[in-house]
Every structure is written in C-alpha cells, then in structure tokens.
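Both complexes shown next keep chain A, but they swap its partner, so chain B is in the first and chain C is in the second.
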Partner chain A sequence: MKPAVLTGEHFMTGDVACAEGALAAGCLFFGGYPITPATEIAEHMASRLPDVCGTFVQMEDEIAAMASILGASCAGVKSMTATSGPGFSLIMENLGLGICTETPCVVVNVQRAGPSTGLPTLGAQGDMMQARWGSHGHYEIIALAPASPQELFYTTITAFNLSETYRIPVLVMTDEVTGHLSERVVIPEAGAIKLRHRPAPKGRKDRFKAFQPGPNGVAPMAIAGDGYGIHVTGLTHDERGYPGMNVETQIEMMHRLTQKIRNNLDDIIRTESYRLEDAEIVIVSYGISARSSLAAVDEARAQGIKAGLFRLITVWPFPEQQIQKLAEKVRGFVTVEINLGQIHLEVQRCAGSRVPAVLVGHPGGAVITPEQIVDTLKTAF
Partner chain B sequence: MTSKSHAGDKMEILITGFGGQGIVLAGQIVGKAASLIDHKESTLTQSYGPEARGGYCSAQVIISDKFIHFPYVRRPDILVCMSQGGYDKYAAMIKETSILIVDQNLVNPGDIPADRCFAIPATRMAEEMGRKMMANIVMVGFFTAITQAVSLDAARSTVSGSVPRGTEALNLAAFDKGYDFGLATLKGRRKKAEGKKGTVDEKP
Partner chain C sequence: MEKNKIRSDHPLDAMLRTDRIPHIWCPGCGIGTAFSACMVAMQASGINLDKTVMVSGIGCSGRGAGYTRLDSYHTTHGRAIPFASGMKLANPELNVVVFSGDGDLFAIGGNHFIHAARRNMDITVICVNNLIYGMTGGQAAATTPCLAKTTTTPLGNPDPPFSLPLLAFASGATYVARWTILHTRDLTKSIEEALNRRGFSFIEVLAPCPTGYGRKNKERSLDTLKIYQERTVIKNGAHPMDAVMDFGNSITLGKFVDHDRPTFSDNYDRTCRPHFA
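On to the complex of A and B.
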C-alpha cells in the first residue's frame, strides 16, 4: 500500500500528476466514465484509491459521474471526476446542480478538439467558454488552467482547496498535450501541503440554516447524516434550503452564489508574469499555449521586440482588473489559445478601445508554434 | 511551473519507428534518466492514438539545463530511426550538425554524410538474444554510447526500472550489447580519422 502523498521526484505524465494531486489533496472518491484523453486519470485513481481506502466507481455516463461526486461530497468526502470532449457536455447538467447546492468537488477536463466527437486523441482549448457558461442559468465558476505536469499536481490541490473554501465545483481545464506530457514532478512531504476544508457548522443543530453565509460569504456545510436535518435542492431556495418559488428568493440566492466568488477574487485569481516589467506587447495565454508563448517571448526579444507573457492560471473568474491595468501601459495584447477566439474575447473586452488585442488561434489538433506567435508579434503592431 | 529562467542550451531528440517497437518506452527511458538521475530538465511527448499501435510512431525528448518552454522538437539534434517511414518523414528536419542513428537493416539513410550517421543492426542483435522486442533497448544502449545525451549509469538504472519485472538482466544485457557496439563504432571512427590525418601529414 502506497501513501496518499508520494513524496519524491517522479517522471510522470500530466494525467498521472493530476490524479496524484487529487490524492494529496485528500480526495477519497472518484466517479467517472473513461474517455480519451482523460482515461489515464480514471485508471490511475482506480489503482490508487484502494491504497487510501477510497472509492472508485465507473458510472454509466458523465451525467451520472457528476451526480455521484456531488453525492459523495454531500456525504463529507472530497470527490472528483475527469473527462473530455462530449463527456464535458454531459457534465454540464449536474454541474449546475453542484453550483446551486453549493457542493464542493473537482471536475477535470483534459481538452481535446471538438465540436462533437472531434479529434479524440488530439489536444485543444476549445471548452473555455463552455467552462464559463455551459450549464444553464447565470452563475459564477472557478476554472484553473495548468501548464505542466508539475503544475497539474499543484493546481489539482488548489482546485480542491478553492472548492472547499467556496463550496463550489472547481474546473481544472487542462489539455491533451499537458495531460500526456511527461516531465519531472516533485511531490513534497505531506506536511508541506496546505489543505483547506469546507467551513463546519457550529451551534444548535435544530437552528442551523444550511445556506446562511458566513463572514466570507460562504455558508458552513453540514454533512448528510450528522443530524442537521438539511434540505438540498436544485430549486431556488432560501437560507434554510427550502424551495421558494418567487423572485425575492431568486434574487437573494443569486446574490449569495455570485458574491461569494466576486468578493474573494484576491484569493481565487492566480496568474504568473514572464518578462513583463518592460514589455510593450503582452501575450495572454494559459495551459500548453503558455509554453509556446514562453518560447515566443524569448525569440521575439532576441529579435528586438519587447514582448512579455501574462499567464492565466485562474481563467475564471477572469482577471479583468489585471488586464485593464496592463492596458494602461502597453501597446497591445496577443491572446494565444487553441481555439478560434474565446479568452481573446475577454482580453478584447478588458483592453477596451485603449489598445489593440489580436488572436493567435488554432482550430484544434495541434499546438501553436512559437514561430506563429513571433510572426504575429512582428506584423500586428 | 518555473518560468523564471530563460531557455538555455538544449538537445532535441526524435526517436521514430513502427508502433510496437517500443519507441515510446525508449523515449521514456531517455527522458526519465535525464530528469531523475542526471538531474537535468527533460520533456517527453509521444504519438498517441491508433497510429501508435502498428503504424508510424515517434517519441520526442528534449533535454536541457534549464526549464524547457516548448516541449516539441523543431530541429532535432539527434534523429533515431528504427523504420524507413520515420526516416523518410523526418530526415528533412535535421540540421548540418545533427546526428542520425539508424537500425541498419531497416533504414537506408540516403545521402546523409557518413560521419554524421551511426548504424547498428539493433533488431538483428535482439533477435540473436532471443527477443526481438528488445531492439529498442539495444538502440538505447547504442544511443547512450554515441550521443552521451544521458550518462551510462542513468541509462542503465532507468532501463532496469522500466522493463517488466524478471526481465531486468536480459534487458541490461541488450543495453550493454548496444552500448559496446557504440563504443566500438566510435573507436573505429577515431582510428580512421587518425589514419587519415596521418596520410595528410605525410604529404609534402
């Protein structure tokens, strides 16, 4: 039996690093349905969860997979699923239930090229807007986009931490290339990994209100079976969890669901800068495309172009203040992503009319090369 | 992700062959040895999907002293070909300074200058050892001797840790066979070079 935290140096794929990150975060339940290129996460969890007395269930599809991890979480267990392509579309139904019932869990999407069945074995970043708006209704969501196996390990832990703190499903939006890339992954001692837990209820059980926000806007979470007599529903509900089929309850609930994210942006948003100090043109990118962009920054600088990279680790909520601030001092933005313009639209919105924002995109199935980015840097501004 | 340092000198390695030859395992051994034992940075990307199971297959390894930004091979410093298809597809990518390594019974290296081309009958050697499937390990041994991209100790211990339990000794013997063939090849080339130099010196 191996421990939950495999302290040491490993040469592993992003998919395996993601699974190890989940285990290090204390995940004890995986419900999923295998799909390329996310299958290795399910496989690894299936082999590793018994080591930590956890549970792996292969569900009949991704709708059920999402339902199963919500159920496990309501029972007090950290839970996750991993999927790709069409599976992510099926996740959307119950993702909304998780948001509405404020149930912490982690959903990993190893993005492949779509739409529909698309290119199952080849990477893309075409689900970024689906991550933001794919379930019905208006809501806030947290989505993270790691750029290496090492970062997939840590980002998965972060995803669990944020989901616990804010009682919300957190999406890890990786891609086929990062998922299958092998690199060194250093796993620290278990004691060095900071874990967060959902706020626990205090006070009398019979007076507990399941959705009454605490100081940071998040309600403590009672575990099913602990005697709190809670009601959990996807219907619009009040602070007690009781359905309220009226506009007032809707307004109040939507305020809770959105403000707990909007009022904690500093804790949620993670970004990284590379050679940005004196940059005149800023590349905005994430995931594997950020690696192409890192190389492009160096190659552009060698040709006298003052380029820098603003890398999104948190993609949703979008770091709009940071982009707006950059827009005050740079000549232009280039968004690099393997789709035909999704995050690019956000960058354009935040850049406003001050500076031009252009896209280096790709329809999917291949990575964007540093040369493509450098060509745009040379010609677009 | 550590992106503080600017990309340093790096070595791009492309290993190609048929699916089933153990091309990806060969890449994995090289990448893992460089990363975990030689303590360098390395990345491995590989063919994935139906083409990796019977058709054309490749593994791309980059080894560097610094964090590798873009994990794909653009101009291979070392091209290893275990099938003619791999050679035909990628020979055009190599630079004037690149090294080509081939299984001599499976690949005709065309007009690549002889001093930059290194050949070994890896598959035949593995067959003689009774296991054709170890051709990739023979090749990793040859590759290690010729390129020194990874250290001998790193390569040997990674081979030992990467093959099915119970086959370690046999695979290490296969590795050594390739490695020794590589040393002999280099020695032969040195002698030839010295001989040539000698002839030049004798000229008035």
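On to the complex of A and C.
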C-alpha cells in the first residue's frame, strides 16, 4: 500500500498528477463516470483511494457523481469528481446545489472540443464561460486553470484548500493536452503541504445557525451526524437554513453567497507575470495556451516587440483589478485561448476603451502555436 | 375534565422542527401521515437519532426533510438517492433515510433508484406515492394509472405506470414493502423493520392527493381511503410480480422481499480494501 503523498520525483500525466494532488490534499471520496479525456483521473483514484481507506464509486451518470460528492462532503469527507464537456453539462445541476448549500468539493474538467460530443480526444478551452455561468441563477464561483502536470498536482491541492475555506465547489479547468501530457512531477514531503479545513462550529449546538457567516464571511460547517440537527436546502434559505420564500431572504442569501468570494479576492486570485515590467503588449492566457504564450513572449522580444505574459491561474473570479491596472500602462492586450473568445470578453471589458484587445483563438482540437501568437503581435498593433 | 385539557405539546415534538409548523401539505393529503409514521418508526427503532439523516428530493413529499429535527438535506429534483449514497459511503455510521415522492424518485430519479438498488446501498428509501406531481399542480407521473386524468393528460393518461415493488425487486432491493397511509400500524412497523435492515430497503406508501389527483378524477380524500380499506389485500411474502395495483379491483399490500445480500460497502471492503478489515 502506498501513502497518500507519493513524495519523490515522478514522470506522470497531468490526469494522474491531478489525482495524486487530490490524495495529497486529503480527498477520501471520488464519485465518477468515465469520459474521455478525464477517465484516467477516475481510474487512478479507483486504484489509489483504497490505499488510504477512501472510497471510489462509479456512479450511473455525472448527475449522480456530483450529487454523491456533495453528500460525501456533507458527511465530513473531502470529495471530488472529474469529467469533460458532456459530463460537465450534467454536473451543472448539482453544482448549483453545492453553491447554494455551501458544500466544499472539487470538480475537475479536462476540457475537450465541443459543442456536444465534439472531439472527445482533442483538447480545447471552450467551457470557460460554462464554468462561470453554466448553472442557473447568479452566483460566484472559483475556477483554476493549471498549465502543466506539476501545476495540476498543486492546483488540485489549492482547489481543495479554497473549497474548504470558502465552502464552495471549486473547478479545476484543465484541458486534454495538459491532462494527457507526461512530464516531471515533483511531490514534496507530506509535511510541506499546507492543508486547510472547513471552519468548524463552536458554542452551543442548540443555538447554532448553519449559515451564519463567520468573520471572513464564511459560515462554520456542521457535519451530518455531529448532533447539530441542521437543515440544508437548495431552496432560498435564511441563516438557520430554513426556506424563506420571499425577496428579503433571497437578497440576504445572495449577499452571503457572493460577498464571501468578493471580499476575499486577495486570497483567491492567483496569477503569474512574465517579463511584464516593461511590456507594451500583454498576452493574457491560461492553461496550455499560456505555455505557447510564454514561448511567444521570448520570440517576440527577440524580434524587438516588448511583449509580456499575464497568466491566469485563478480564472474565476476574474482578476479584473489587475488587468485594469495593466491597461493604464500598456499599448494593448492579446488574449490567447482555445475557443473563439470567452475569457477574451473579460479582457476586453477590463481593457475598456483605453487600449485595444485582440484575440488569438482556435475553434478547438489543437494547441495554438507560438508562431500564431507572434504573427498577431507583429501585425495587430 | 383533566384528560380533556388542551395540550400544547405533541408526542413527536422531539422529532420535529416545530418552529416550521404549519406544514405546506393540503387538507386530506396523505404525506403527513406517512411522515408521522416515519418519525414514530425512527423513535421506536432504537437507532441513534443523532446519527440519522433524512434526505429528500423535490416535491410535496420532498418537503419532509424540512420538518424533522434530524440532520436533513433537501436536495435537487430526483437526486436524493445519489446524494444519500455519497453520505452513507463517506460515513457508514450514519443511518441514511430518503423520504421523497413518486415523481421525484421514479421519473427524474428513476435511474438513480435502480442503480442504488443494484449496488445494494445501505439506505432506506420511503416513497410516498400519490400517483401525481402534486407540487406543480397535478401533472401525470410515472406512477399515474392508465386513463387517469391529470393536467397534462386531460383526455386520460395513455401511459401505463411502473409497479414500484417489482422495479425495486428486479433492481436488487433487499427489503420491499407496500402499504397505504390507512395501514398506519403496518406501515410504521415496516419502516421500523427496514431501518434495522442492512442493504437497500424500499417502502412504497400509497397516499391520497385530493388537490392534484382527486379533483381531476372525481375522488375525494375519503373515497381514496375507502378504496384503501375495501380493495386492499395484505399478502406478506407475495412475489412482487403478483403485487397488483388495480384501484377498481384489488391492491396488494404487504412485505414482499426481506432477504440479505452483501451491501456495496461489504463488497467494496472485501474486494478493494481487505487490508483495512
């Protein structure tokens, strides 16, 4: 039997690194359904979870998978599922339940080209707006986009930490290319991995209010069987968790659900800058596209263009203040992503009328090359 | 005179969120009786109520979870069973009870029901079957009798209904029973028994919906109860194939299945986690 944290140097795919990251984060429950190109995460969890006395269950569909991980989390266990486009669509229903009931869990989307069945074996980044708005109603969400197997390992841990801290499902929005890419992955000692846990209730059980926010806006979470006698519902509810079919309760609940994210952006938003100090043109990218963008920056600089990269690791909530600040001092933005303009809409919004923002996009199924990006850098500004 | 004194307490107060009463159920509705039977059975069963969870889906019966003082989870439409499965697997110490309606469990949630029964998830599922979608105002369900009138079958229902005990049995449930809300003692005893069984237990409870079903089909709540009284036959041990439900003729009630087979967790522990046994 192997330990939860496989300390050492490995050569592994992004999908496997993601599963190992989950185990290192303390995940003990995986409810899944096979789907290319995310299947390897389920397969790896099926083989590894018994090592740590965890449970893998292959559910009848992704709707059930998502429901099962919410149930497991409410019973006190860190839980996760992994899927791709068609399954992500099915997950949207209970993602909303997770948001409304403030249930921590992690959902990985190894994106493939869509719409519909699309190109199951080829990568894309076409679900980024679905990640933001795919479930009905208005809400805040956290979505992260790692750019390598190594980063998939760490990002999955971060996803669990953020989900526990803010009591919210966290999305890991990777892609087929990163998921199937084999690279060196270094896994640290278990003691070097910082884990966060959902805030625990204190005080008298009979006076406990299941959704009363704590100092950071997040309510302590009672676990099923702990004797708090809580009621949890996807209906609009008050701080006690009781349904309230009126506008006042809706306003108060929406305030709690949105402010706990909006008031903690500094803790949630992670970005990386490359050669931005004197950059005139800023590439905004994430995931596998950010790696092409990185090469494009160096190539453009060699050709005399002062380019830099602003890489989004947290895609949602969108780092709008950072982009707005950059817009004050640069000549333009280039968004690079494997879709026909999703995050680009956000970049355009934040750039405003001050500077132009140009898209280097792709309909899906291939990685954007550095050459394509450099061509745009040369011609668009 | 003393015994006629008005009492402000209720024998089930300890089980109920009394601050949420009155409930939403209509006069003549059978869900309250089924819910009370469930609460009484839980008290009588001897299970640890601090470790007992009620999970509901959406609909009139789905509101049950909101009225019990137990840890309770009111989930999405049809998804109570997979949510409950995740709970049970994450913490096997919990007694997980799903209390929901026929529309929720057998139309939108039908796939989850058969798979949880196949895996023999160690949960208890109580289905209040009122033959209709009550919450949305009386539309045809997967349980609505053929030719019955509903708002979506104004000329009569062209579809035949599921036999829930047969479906449960065929899918692998290890405890299967059917009662009506008129058979409160049998029902309560059956729920109590099911709570103490390992494996996937299923109890169908027939209940009138005078608002959604009765009005359209010219059947008052008392008429429905008369049918429950006059046309039901208790056949414990009958094969689920023979558990008929013909409201004009005969309705078979009773405990049809009560046997043991390994649960999902038994099989998982033996196959995947023998080192932790």
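Criterion: the second predicted complex is superposed on the first by the 381 of 381 C-alpha atoms of A that agree within 3 Å, B and C clash if a C-alpha of one lies under 4 Å from a C-alpha of the other, contacts with A are read in each partner's own complex, and residues count from 1 in each chain.
To be clear about the criterion, a residue touches a chain if its C-beta (ideal position, glycine included) is under 8 Å from a C-beta of that chain, and two chains touch if they have at least 3 such contacts.
Just so it is clear, the model here is predicted, and its values are computed rather than measured.
Trainee: When the two structures are overlaid on chain A, which partner does A:363 contact: first (chain B), second (chain C), both, or neither?
Mentor: Neither chain B nor chain C is touched by A:363.
Trainee: May I ask you to decide whether A:150 touches chain B, chain C, both, or neither, giving the answer as first, second, both or neither?
Mentor: Only chain B is touched by A:150; chain C is not.
Trainee: Looking at A:181, would you say it contacts chain B, chain C, both, or neither? Reply first, second, both or neither.
Mentor: first
Trainee: So, does A:294 touch the first partner chain B, the second partner chain C, both, or neither?
Mentor: first
Trainee: Once the structures are superposed on A, label A:28 by its partner contacts, choosing first (chain B), second (chain C), both or neither.
Mentor: In the superposed model, A:28 contacts chain C only, not chain B.
Trainee: Check the contacts made with chain A and report whether chain B or chain C touches more of its residues.
Mentor: C
Trainee: Same chain A residues contacting chain B and chain C, which ones?
Mentor: none
Trainee: If you look only at chain C, which of its residues touch chain A in the complex?
Mentor: 17, 20, 50-51, 53, 55, 65-66, 69-76, 79, 82-91, 93-94, 111-112, 115, 264, 268, 272-273, 275-276
Trainee: Tell me, which parts of chain B touch chain A in their complex?
Mentor: Result: residues 1, 3, 6-7, 28, 31-32, 35-36, 41-46, 48-50, 69-72, 74 of chain B touch chain A.
Trainee: Contact residues on chain A for chain B in the complex?
Mentor: Interface residues on the chain A side: 9-11, 36-37, 120-122, 146-148, 150-151, 176-177, 180-184, 272, 274, 291-292, 294-295, 298, 309, 311, 367, 369-370.
Trainee: Which residues of chain A touch chain C once you look at their complex with the stated criterion?
Mentor: Touch residues, chain A against chain C: 1, 28-29, 31, 50, 53, 55-57, 59-61, 63-65, 67-77, 79, 93-94, 96-97, 101, 222, 224-235, 242-243.
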